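For clarity, chains are labelled A, B, C, D, E, F and G in written order, and residue numbers in each chain start from 1.
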Amino acid sequence: MNEFEEFAASFLYGCVSIALFLLGLTFLMIVYRIIKGPTLPDRIVGLDLLVVVAIGLIATVGVGSSYTLYIDISLALGLVGFLATVAFARFILNRGQAKDFIIMQEVKKSDSLEGPE
Amino acid sequence: MPLFGVEATFWALLSPFVAAALSPILAKTLKHNASWILAVIPALAFLQFLSFVPGIAEGQTFKASLEWVPTFNVNFSIYLDGLSVLFALLISGIGTLIVLYAGGYLKNHENFGQFLSFLFLFMGAMLGVVVADNIITLFVYWELTSITSFLLIGFDHLRRSSRRSAIQALVVTGGGGLALMAGLLLAGFAGGSFEMSELINSGDVLRESPYYTAIFILVLLGAFTKSAQFPFHFWLPNAMEAPTPVSAYLHSATMVKAGVYLLMRMHPVLGDTELWMTVLPIFGGLTLLVGTILGLRQTDLKLVLAYSTVASLGLLVMLTGTSDPIAIQGAVAYLFAHSLFKGSLFMVVGTVDHEAGTRDLNRVGGLFFAMPITAIAAVLSALSMAGILPLIGFVAKEVLYDGTWHIVNGGLWTAVAVLGNAMMFAMAATVAWKPFFGTKVKTPKQAHEGSILLIAGAVTLAVLGLLAGIFVASVGHQLLSPMTSAVLGIPFDEEMHLIPTYLSPALYLSMTTFALGILVFMYMDKLRALIADALRVIGWGPDKGFDQTLDLIIRFGTTLTQAIQTGSMVTYMRATFSVIALMLFIPMILTGNWPVLEGLGSLYAYEWFITAIVVIGVYAVLTARYRVTAIVLLGIQGFAVALIYLLFGAPDLSFTQFMVETLSVVILALVMTRLNLKPTDARSLRGKVFDISLSVLCGAGISMLLMSVVQLPFDATLSEFFTQYSRSVAHGRNIVNVILVDFRGFDTIGEISVVMVTGLAVLALIRVRPKSNGTSNTEKNR
Amino acid sequence: MNTLIFRTVAPYLSALMLLFSVFVLLRGHNEPGGGFIGGLIAVSAFAIYGIACGVSAVRRAMKYHPMSIAASGLLLAVLSVMPSIFLGQSAMTSQWLAVPFLGTVIDLSTPLFFDIGVYLVVVGAISSIALSLEERAD
Amino acid sequence: MMTAIVSILTGIMLIIGAVFAAGAALGINRLPDVYTRMHAASKAGTLGSGLMVLALGLYSQEWDQFMRAVATLCFILLTAPVSAHLIARAAYVVGYKPCKETEVDALSVIKKTDEHHLQQ
Amino acid sequence: MAATKPAIDMTAAMVTEAVPLADWLLVAPILLTMTGGALAIIFRKKPATQPWIAIAVISLVVFSNIALLNHVLTNGVVTMVMGSWPPPFGIAFTADPLGALLALMASIATLCVAVFAMDSIATNERRYGFYPFLLMLLCGVTGAFLTGDIFNLYVWFEVLLISSFGMQILGNEKVQIDGAVKYAVLNLIATTLFLAATGLLYGLVGTLNMADIAIKVQALDGSGPVLGLAALYFLAFAMKAAAFPVNFWLPASYHTPRLVVAAIFAGLLSKVGVYALLRVMVLLMPEGRDWLSSLIGLVAIATMLTGSLGALAQTDIRRLMGYLVIAGIGAMLAGIAVGNEAAISGAIFYAMHSVLIMTALYLLVAFMFQISSTFSLREIGGLYVRSPMGAAIGLVLLLGVAGLPPFSGFWAKLLLVAGALEAGRGWVVAGLLVSGLLSTLAVGRLWIFAFWRGGNEHTVDGIQALPIAGSAEPKEISLTIWLPLVALTGLIVLIGVFPEGMMSVSDYGAKTLLDPSTYIASVFGGTQ
Amino acid sequence: MNKMVFLMNLLLAAAWGAITGSFSPLNLFFGFILASISLFLIREQIAYREYLQRGGKVVVLAASFFLELVVSSWRVLMIVIRPKIQLRPAIIAVPLTVTEDFEITLLANMVTLTPGTLSVDVSEDRKVLFVHCLDVPSPDETVDGIKNGFERQIMEAFR
Amino acid sequence: METLFSMLVGILFAGSIYLLLSRKLVRILLGIAILGNAVNLLIFTAGRLTRDVPPIIPVNNYLPLEATANPLPQALVLTAIVISFSFLAFFLVLGYRAYQELGTDDLLEMRVAEPKEHYEPPLGY
């Protein structure tokens, strides 16, 4: 192994570590949004993003552990994550049209939504 | 030698059951005349037992055995000695007469066949009780007598009082039976054998066993309930709800004596101890007095007889309790006499009832000319009951006085016996005098002499009582002394005389008895009123107590059940998890096997983040105010768990978890789309605190258990095997999948069964609709 | 959800997912995957198709009642347990048959059929649940 | 040598991808309403993950893995906008208002004139 | 550069000797019921053929189980390891007398219920699964009785549980749904505990095969968390078996499903819990059982008493039967608490008896309802007049459940009392006797109310018994009702009068449980 | 069988090859069979549609799209890391020239993935695409951008 | 590591039990969902943890090159996941039907099977 290769290996290791750390932070931020809401669509957007980021995380873990077969899990996650989003979108639509108490409350609040912080 | 050999006894034992099966068929075709044919069966059995008498009189005993349940040492074994043969003779002999009598008494009754069937079943059971050698077999028969007596007492089941009496008898005798089971088993273990014949020969083994008291109490409970000893006496008079043939047979001559039989049978091993000689006479004496006192106040002839039976049983128990040979000889003689005269008297009363339409003392009188044969039978039997020469009752009384008088401190028992006998004298007089010789009263029905079926039994037994008195020496030698020997466990053969050979104390006591008896009879009405007043003042008795106890038990059951089964799911869950928490911690507390907080290891930063997301997710689900928020958060928690699987080398798991979590969330969302639910968690603060503590406790318990497991070294043999052969033998590189479809494929086949059935169950939940909302309509569907 | 965009994309997505599900099923013996996961992906495919185009479209697409599919899956799994009875072996002893086909050797094996059975059961049962839930809404 | 270059490339792609993902997460936390947040999620998120997946495909240096990475990427690209569309539409139909700063709302005009327009 | 296949010692990897065809009897019931269940689902739209599929399949299962029991009694404990993988690696199916006996009884009870249900289950309920559920329930139950692998046992538990859920809600009435919620949630908690305990056990001993566990647990000698696990298992199975104080689900739900369903529940489900207790507490974790025996005894007594007192407190005869089930569970637990040969044998005998009699009792309730159209003890009456035959069957069954001779329950009680006496457990004996008395009272009351009482009598509180319509011919009771009732009653009497067969099997079963060496030898015999 | 469907089938078979990572004849053949089954399942939705006529344009479209995606993501990133976010969001209506479902969908999706725009809905009559814009100083400019950008490219590629 | 995960499992259990103890049907359903995860993670942890290395044999080998994660618990958890998923699906529908039929999501109000008015059984004979 020459110097360059050694550098490359440690560079990759560093990158993976940083990426994992960043992704972990990302997760926490997304979770914060999901918990905080304030509206249901906000949470759904959060969940959708969470799945997308998880796909990235799986890929990163795959690089870190050299198990490239993780790519299939990413693929599957992409498929089902979409399904979850669809289902929730449908939920919002149906409940909203059924004048769901909570959704109506949220809608009312969204009228007075503040602009960017 | 026995008529057809000892083994033929098995057929004799089986025969009543055959008769029971035949009864309904024959009764259907032959009506009451079926009695004539069916009576042959017990008669043959009687002959079979009779054929043992000479041998037994010479001191022989007979045994035979068939295998029944060898695994538990239960044999279908019989033991014939003086005790069992005399009982068997009474049962089969009187049984024969009763079958005939029933033909007359229940003539044209629509359920006559059934009745005979029950009667024969009872006969078979009772024969089994007295003949069985194996204590388990004995017990089986014992309980059978309870069941059949239940059926017979309740025969007239549309009457509430019949049902009450029936269940009362079942509960009292059946309950006693349960105790007896324990007692017999304990005796069997202590004595080292389940065969009565071996047990009674092992003499002191039981008496010296540490379980003696327990055995004694348990056996006594069985015997006392069956033989209606105070305070369990109340069921017997109530059992008079049964048709008279039943009263005559079960509740005077045979079943109620099963308890006495048992005490006598076990006397060689349980008797002759301080406890025995204290408890039995006390309860026997009490029963005697209570029975006579209560009997005196009755005006229903059948009840008079019933209480006198209670009294007689008390007397028998008292005598057996003395463990004195002479007294026991007296008891044996009295038992024999009682069976004859009481059976006869019951039949007489039944005939009167049947012919005159009433058996109330105040509504019958002067029937002698209308039914002379019945009257003669009544007089003969009453004389025997009163203990008057030359009937067997007299001899019995002499011997028993003789017995009680000469034992140490026997004065009290003698006094009790005299008092009791005097009152029985009065009762006998009541039964025989007023209905037949008192002033003529208009009865509900124009009385005629009963049919041959009705009178044959009473007359036979009455005459037998007379003959037995006259030939008492022979009867004593052939039947009574062998029985006494059996009870004592040692040979006993004292000659019996009808005419006292000398002016014994017994004779004086007899005189006293007569005098007292006449006195009582003369002041009968006043006495009756006095007793009635006294009882009214007391206002409570075991009979009433039975009802109260029953109600109390049911109410207690109801209260208890309501307290436990509140119908509130929340309570159920709290209770369940409380128990879980207890079961998690108790072992740790008791064994002191707490896990240590070590081997924490370290997680990488991103692992921490993901773990944190699981925790945050769970916490957020708990605190989420809106259900959909909770669902989304649930999904997050699930995804995080899936990532954990991924990070720890379980891609398949992770894969599945992602899919499952998503689909769960999707289905949740699909379902929730249709629900309009209130969002809040309506728990009180106190409830919340309780629930939080409970769940934290459970969680901590499981956590600690898991810790203590994972801190031990791990045995990975299984996985090593799977890894080794996954590709080379099972042709798969993904070891997890190979485990799923090959190594442990049977888990998977069960798992897919679950999945398939779930699909069907959901379909059933959604597709099948109740036909209507009214319960009545839908219940018809069941 | 009757939106043009979704309705247009969904069928292709579903077809793609179905393909993917078979892929996951078939290679499960060697790589992550297998009948169960494959089945779930197929269910997801049908779910998306159903949400976009309606339950009846899915039912028509599946042709047979999903529960029948599930039941036949179980039958297939049970059958794949049986062959060893003729060889004097224990139940579920796997049988392997290498079939040369177009220059490649295909491993036909009882575990493969077993896994296909799992796949069918999951597809049938879970889609039955999803469809019946959806239908109540209509 | 090849491996080393691939490694460095992979590392860079991972970092960039992670940064985009973090940006998306930041975006959904900082942007004012659900519609604007969706912009962040559907664009930066998708690109971020796509990069990381491609990185893995590249890193494997195997054709089939790389193809699958591309397939994954395509799939994400196919679904992400549809998801965004569905959420946005559902939110809008139900009545979630955009933030105050949203001056133009062409959809609201339509909605008012044609009540049935957006019905499911 | 593919590595060459390493040399494999095939004898270490697989069982190579031929398996006798008779050993397939171990899995035959499962394969048959699964096939039947699948076919019944495929023929969902043909309600007329479904019962026949079920009856045919269950009859085959009965025959197969008879052959299996015979196989076990002649050749000793039988084992087959799935996939020819040597134990403890493959999943072993092991039939000892206990398992084979209970499997047989379960199939008989199921057959009776299948026949009974022909008339009583509405067509649309049949289409949506009565027979498939029944078959899969039997599949799960038989699997549970015959498997020799603890995790596999969990799987079969779930199979039978989900099938029971399906049956519970057939009809979808309010009361059923309500009952199902309680039944399902509480049972789920129980199985989850079971699963958790199994995971922990695997973590502790590293194996799942029961024989192997028995060996490894013995080696641990009660150290470490073994006792904690035993407690957890005990709790999980006690919940399944409906032992006090975790029996809430049973009274809350058993009166709600269709009566045929309740019959099969009462006959099979709680017995599976008892079976698992016997298997796990006695065979696998004897130290745990010893350690817990006082607690188990207390639980047993409390269960018996709450059961029999509860039975006395009921107005609805279906609920009354539910409490009788609980009382019976208490008796079996008493056997486990005592733990000597007689007591375990008694518990096995009782379980066998209970399968038959509890099924029969619920069928009897259905029969009673058929005539009287009521479940209320206040309203019911006059059945003796309408059907003396039914009254006779009722009497046999009710006295039988109270443990009176000459019916099968007596022998079980006898063994239990004998065992407890031998072990000097006076309290257990007292519990058994008192509960027996209370049960006798309860069933006696039921019988006199329902059968003996006239059709138009008033109860003390003034409610009149429902008059039985008409007085001439009783309502037509079809053969499908008589046949199973008479068959079960006949079996109960037959076993009561000739108990030796069952007694010897129970005794053999108890011996096998108490001395696991034969069980272990059967599993490992081929390889060690 | 319809030619287009056959093409689609071939494409899916190729996708299979890509997913499984093996372009051996057998695998492609197998993929083809699977693809036909999949297509059969969704047969109702794909009959008689015409698309994918000009492969070359497709590639151009794809390339420009990827570029836009990167730019768009970059812009979002830049916006969100600004210390103070100042936005003028808007929902604008884009009149559509494309008429086919497929084209509309493609356009809408591309719009979503490109800078500052997000498709919210298509009008019932398929004539208007409603687009949410993150930051629009002038809505008309954005509308023109979409119409002259992707819409034109799509029309070129698929007509 | 295992000890830490034991705590995580405990937290999951505690959370799910808290939900199960609730009066509201929806919360119980959520509790059931978490309970499944909790017990699965428990089994996974009980089989000990190994980072990264999945139990998959490389294409060119007959044995894994390094020590892999323990495959058996993974298989067990897989089975358990599937089962708990099935049950969850059933429970969800059951809950939905319960709400539909009984008109409430409050368990304290679900008293059809065991109604509040509880009769004393008939006394007497």
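The definition used in the following text is that a contact is a pair of C-beta atoms (placed from the backbone, for glycine too) under 8 Å apart; a residue touches a chain by one contact, two chains touch by 3 or more.
The model shown is predicted, which means the values in this text are computed figures rather than measured ones.
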Through how few touching steps can chain E be joined to chain F? 2
When A-B is set beside B-G, which has more C-beta pairs in contact? B-G
Please identify the chain lying most centrally, where each chain is represented by the average of its Cα atoms. E
Greatest centre-to-centre gap (Cα means) from chain E is with chain F
Rounded Å distance between chain B and chain E, as computed from the means of their C-alpha atoms: 26
How many Å are there between the centre of chain C and the centre of chain F, using C-alpha atoms for each centre? 30
Counting only Cα atoms for the centres, state how far chain C is from chain D in Å. 30
So chain F residues touching two or more other chains come to 15, 19-20, 85, 87, 108-109, 119, 121
Residues of chain G that touch two or more other chains: which are they? 20, 25, 42, 45-48, 52-54, 56, 59, 61-63, 72, 76, 78-79, 82-83, 86-87, 89-90, 93-95, 97, 107, 110-111, 113-114, 120-121, 123-125
Residues of chain A whose C-beta touches two or more other chains: 20, 23, 25, 27, 44, 46, 57, 61, 67, 69-70, 72-73, 75-76, 79-83, 86-90, 93-95, 115-117
Using the touch definition from the top, list the residues of chain F that touch chain C in their complex. 12, 15-16, 19-20, 24-26, 29, 31, 34-35, 37-39, 41-46, 101-102, 104-105, 108-109, 119, 121-122, 126
Please name which positions on chain C make contact with chain G in the complex. 30-32, 36, 125-126, 129, 133
Chain F contact footprint on chain D (complex, rising order): 19-20, 23-24, 26-27, 30-33, 35-36, 38-40, 42-44, 46-48, 62-65, 67-68, 70-71, 77-78, 80-82, 84-85, 88-89, 92, 98-99, 101-108, 110, 114, 117-118
For chain A, which residues count as touching chain B in their complex? 20-21, 23-25, 27-28, 31, 34-35, 37, 40, 43-44, 46-47, 50-51, 54, 57-58, 61, 67, 69-70, 72-73, 76-77, 80-81, 83-84, 87-88, 90-91, 94-95, 98, 100-102
Partner chain G, residues of chain B touching it in the complex: 160, 163-164, 167, 550-551, 554-555, 558, 562, 565, 567-570, 573-574, 577, 595, 597-603, 611, 614-615, 618-619, 621-622, 627, 630-631, 634, 637-638, 641, 644-645, 647-653, 656-657, 660, 663-664, 667-668, 671-672, 674-675, 677-678, 681-683, 691-692, 694-696, 698-700, 702-704, 706-707, 709-711, 714, 716, 718-719, 722-724, 726-728, 733-736, 739-740, 743-744, 747-748, 751, 754-755, 758, 761-762, 765-766
